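Read the structure below first, then the notes.
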Amino acid sequence: MSTIQPVVLFFVLGVLAGVMKSDLKIPEALYKSLSIFLLIAIGFKGGVSMAKYEIMEVLPIALSMVVLAALVPLTAYPILRKLGKFSQADAGAISAHYGSVSAVTFAVGIAFLEGVKETSEGYMVLIMALMEIPALVTGTVLARAGAKGTTQWGKLLHEILTGTSIFLMVGGVIVGYYAGMVKLVSPLDKMFMDLFMGVLALFLLEMGLLASARLQVIKAKGPFLIGFGILFPLTAGAFGAFLGAAFGLSLGGAMMLAVLYASCSYIAAPAAMRIAVPEADPAVSIGASLGITFPFNIFVGVPIYYEMAKFFKGMVA
Amino acid sequence: MSTIQPVVLFFVLGVLAGVMKSDLKIPEALYKSLSIFLLIAIGFKGGVSMAKYEIMEVLPIALSMVVLAALVPLTAYPILRKLGKFSQADAGAISAHYGSVSAVTFAVGIAFLEGVKETSEGYMVLIMALMEIPALVTGTVLARAGAKGTTQWGKLLHEILTGTSIFLMVGGVIVGYYAGMVKLVSPLDKMFMDLFMGVLALFLLEMGLLASARLQVIKAKGPFLIGFGILFPLTAGAFGAFLGAAFGLSLGGAMMLAVLYASCSYIAAPAAMRIAVPEADPAVSIGASLGITFPFNIFVGVPIYYEMAKFFKGMVA
Amino acid sequence: MSTIQPVVLFFVLGVLAGVMKSDLKIPEALYKSLSIFLLIAIGFKGGVSMAKYEIMEVLPIALSMVVLAALVPLTAYPILRKLGKFSQADAGAISAHYGSVSAVTFAVGIAFLEGVKETSEGYMVLIMALMEIPALVTGTVLARAGAKGTTQWGKLLHEILTGTSIFLMVGGVIVGYYAGMVKLVSPLDKMFMDLFMGVLALFLLEMGLLASARLQVIKAKGPFLIGFGILFPLTAGAFGAFLGAAFGLSLGGAMMLAVLYASCSYIAAPAAMRIAVPEADPAVSIGASLGITFPFNIFVGVPIYYEMAKFFKGMVA
Amino acid sequence: MDSAIAMKRIEIVIDEEKLKELIGILNDLGVRGYTFIKSAGGLGSRGTRRPDDIFFEQNNAMLILACQESQAQKVATALRPKLKEFGGMCLVSDCYWIEGPPVSY
Amino acid sequence: MDSAIAMKRIEIVIDEEKLKELIGILNDLGVRGYTFIKSAGGLGSRGTRRPDDIFFEQNNAMLILACQESQAQKVATALRPKLKEFGGMCLVSDCYWIEGPPVSY
Amino acid sequence: MDSAIAMKRIEIVIDEEKLKELIGILNDLGVRGYTFIKSAGGLGSRGTRRPDDIFFEQNNAMLILACQESQAQKVATALRPKLKEFGGMCLVSDCYWIEGPPVSY
């Protein structure tokens, strides 16, 4: 069994502060600043290591993995509808959340890889950014198929493409790629690479605070959501690890694909669903995503996805 | 005579900005973010170096020093009451402030030790966190003994134990200790250790601004408070240095114990006293603590406590 | 042709976010925190390298360059008045902006020098700080000569000298100089030197957002201002590069003097002009300064000033 | 004013930490609309309260509520005992609701 | 009140993102003074809106406007259809403008 | 309204930097309660003032004060000359103070 990363203990601290009703508060401006930093840093890191590849070579593989990611919400939807007895709108919106990804879970995955001295393909970041599109579009189609009223597709697409998350990650990739090409990574890495883990620590502290406040919202559908919030990412993660191995990714890369498929969004997806499926109840999807799946993934899921990647890599070899 | 640390010049800059009525303003969110950082960093640093000891070995010594810290407010109270002619409530509240500690003074002490290439025992941080309890409880008892109305002990204890200061410091100790044990200090130290001094610099800038605004409040009792605010920490510091030497601490450790005994609180104590002794006037205690004792300690006190520690270590040896 | 610094791509990202109407927002507290950091860091860096000179030796040269900087607004004024057909107040205020300097352009210049492995004289920072005085005073005199109503000279001078920009830069110089003298630069440089480029990156992102919002303001006088905003800094830069070479500065130093003469203010000058020339329209001066000259300088100007410095250094040698 | 309904405007200032409790009471009374602003400062019987004091965060919240007279009467009656505990102030005045927005009073 | 002019006080609460549009309309009507406060929260026909929810920033803005009765009538007439779209609320009440500050109504 | 006292409600908008001075004047007049909100924006005779403009921080503050008519008269008389200098606006209207909170008017 692999050791738990010290950084995730900050999430526990945040949850504890919430549970103990500590007066600890992370200023809103700090939370937003940390998330801007993390998104740029994730992109930058990926961009720098992408500069080592021939982009055109990897593009087809990357795109296939993005397209296949649409399978995640398509699988989640019937489960939520039939077993979970959710309305069409809610089931579609939750599917979109689980098809989409969590940049912080991705960051914890990268931290884990550093701990076990592994790396992953730099273009995983691009996959992460691109995966939002099929996930959110599929979720919206599921939520609104046959529904009255027009879907605001234009507004949704604008939101997805120019939303802070994708914009900053892709921006970071571009700058990182350019810096890697002209060999001027050096003074920028002192900030965007060296401080990555420390900033993640502070961010996880706040996530813990937020998660402890979110858990109590999902009382009614609690038992189902706990089961779904744990079993679904495990399945999606297994699928990702398998795909990664089949596509010939490195061990770290296969694990990170599992993390992408298994993680679910609590920032970009809520914002998009508010526009596309306003009749869905955000409390349920955020509660499940941030209150159950996120902590499960960072503590238990990530090490499991690593073992899964090992397993499938072994099978393929 | 030892050189003044460059970092404390930022305090002077802050005072100057206040006196010159500069339009310099530190955003509130930055001040809070810096203090969150410093508390975690102080704890983390201590936790990492604690991982090198057998905790159980040092616990009895540490606890004795915490318990003996209750002597500080017990000594301060009669002086404030008799010589200072303060009301029972004010004398008790000020005693609590001087029995309690200042994490920033502690940080300046550590910076000083780095300057002279010395270190101190990691568990000093835990002592710092724990010292709040006897200090604030003793101060409250003194303030309210025989007073009408019930003391809100439950609320006070909750405030002490879950207040941001203790919570983050102890949290930092736990993560640092764990990181030290599993040998994964590395990426987190880039943030919480390497940037410590720089963050302290910005924080001292703001402290200078705040102190310059606070000094003018304490006009009436000015002369007494200036005397008390300088002579009392010197006495308490001497006692701490002596105790440290007697308990066999390192030179740096004995100095840091002097710093803890000599320093006084202007963040945690005011919050606690507002709950426990609402009839005390916070302007006086914060004015003395932040306006007089804090600057005295960081400029003059810290080097003196270092010499005291040397002296008592020599005596003991 | 020299390569573009990766850091300036963040400015492009910011402009793009503005143009694409992304929901990206930099919290105001972050913007202010970054600017506090940059001003201190620029000063600190300069102060540290000043510790290597005999100050008294360089003072006369430095002061001459400051005094000669008054020529910049004196040249700008008649052009703005005659060719630009601006009112006396507006022409004076814009002159003050172009005589004054931009600390961020200065920072980009330093980043450029790092990229080409050159350095500049540390006291350039002091020149930058001092240049504000002749620029803003001359601009005010031009704007208000013969005008009715009294000029608030006292208030203006107080604003210039205690305004955040000068205060923090000079403060940084002092601390850096002291740290350099006592050889205690080390833990502070982890923050104020190593992170300089990364912080500049985030700041340029916000500058891009701001610039894209400012450009549309200057419709009416657009064509003239675009011409002026590009040709004037080129001329002023050439003058600065020539002066630098004539005074015997290093290649980097001559370039940085060109940058100082060419760059124009959009933070300190607007604040000062609001007090001294309230009848001037700030939208025009900020629009030209931030919307045209600033981007021109960081992308095109800086490499050109480098070539100019080379040329004049060659001529002198 | 044409197309305007005579209503009551209630304006309450209390400690920010008590806002949740106040809103709970309003919800129980069936109130269907209110607006609040946090980070207010002020002076009252308990002295000054400053939202930007770093050592003592003592924020007030201001809540405004437009409703029909009968409802206002109910709210005032229900709040009166609570206000003794909350401190602060509660003002009622006359106003007209301009018809147009969806009804939320 | 001596040296005080009887006027109307209009108080509008709408989504913060609609504030710019509202101000545009007021400018077109020739309004010469108003005051606004952002980051307000509230409850209305569309449910609760919380300014400090990190996941859903749903801020309201409150705008206050003192003007003469005739102008108020014009503003109310012009706003009424727009308010259907904006939601929120719009109250009008009586007030006196204390003479002293430069006229901006 | 039962158990409600007829009072005056004074509402002042001025530059945030002038708030301290205004409060000083109110203190001298013996005012025992007021509430203020900072970071307001607005339009007036001196043009627009925006709290979120990074280049020009021009914030307004709004201060609300409930007091008895005689006190309101005194306040208005004392403020009038000052308001010429401050700019902004000052409105007075009628309101009822709901008894309950400790008296601070």
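In this document, chain identifiers A, B, C, D, E and F correspond to the written order of the chains, with residue numbering beginning at 1 in each.
The definition used in the following text is that a contact is a pair of C-beta atoms (placed from the backbone, for glycine too) under 8 Å apart; a residue touches a chain by one contact, two chains touch by 3 or more.
Since this is a predicted model, take the numbers as computed values, not measurements.
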item: Contacts common to chain A and chain F (chain labels); value: C, E
item: Interchain contact steps from chain B to chain D (minimum; 1 if touching); value: 1
item: Chain separated most widely from chain E, comparing mean CA positions; value: B
item: Centroid-based (C-alpha) most distant chain relative to chain C; value: D
item: Pair joined by more contacting C-beta pairs (C-F or D-F); value: D-F
item: Separation of chain A from chain E, taking each centre as the mean of its C-alpha atoms, in whole Å; value: 41
item: Distance between the centres, which are taken as Cα means, of chain E and chain D, whole angstrom; value: 18
item: Sequence positions of chain E contacting 2 or more other chains; value: 37, 52, 93-94
item: Multi-chain contact residues (two or more partners), chain B; value: 27-29, 33, 195, 271
item: Arrangement of touching chains [line / ring / star / complete / other]; value: other
item: Chain-to-chain touches, reported pairwise for every pair that qualifies; value: A-B, A-C, A-E, B-C, B-D, C-F, D-E, D-F, E-F
item: Residue ranges of chain D touching chain F (in the complex, touch as defined); value: 11, 13, 37, 39-46, 51-52, 60, 62, 72-73, 76-77, 79-84, 86-94
item: Chain F residues touching chain C - in the complex, by the definition given at the top; value: 52, 54-56
item: Touch list for chain A against partner chain B, complex; value: 3, 5-7, 9-10, 13, 16-17, 20-30, 33, 111, 114-115, 194-199, 201-202
item: Sites on chain B touched by chain D in the complex; value: 28, 31, 210, 266-267, 270-271, 274, 282, 286
item: Residues on chain B engaged by chain A in the complex (per definition of touch); value: 27-29, 32-33, 36-37, 40, 158-159, 161-164, 167-168, 171, 174-175, 178-179, 182, 184-185, 187-188, 190-192, 195, 271
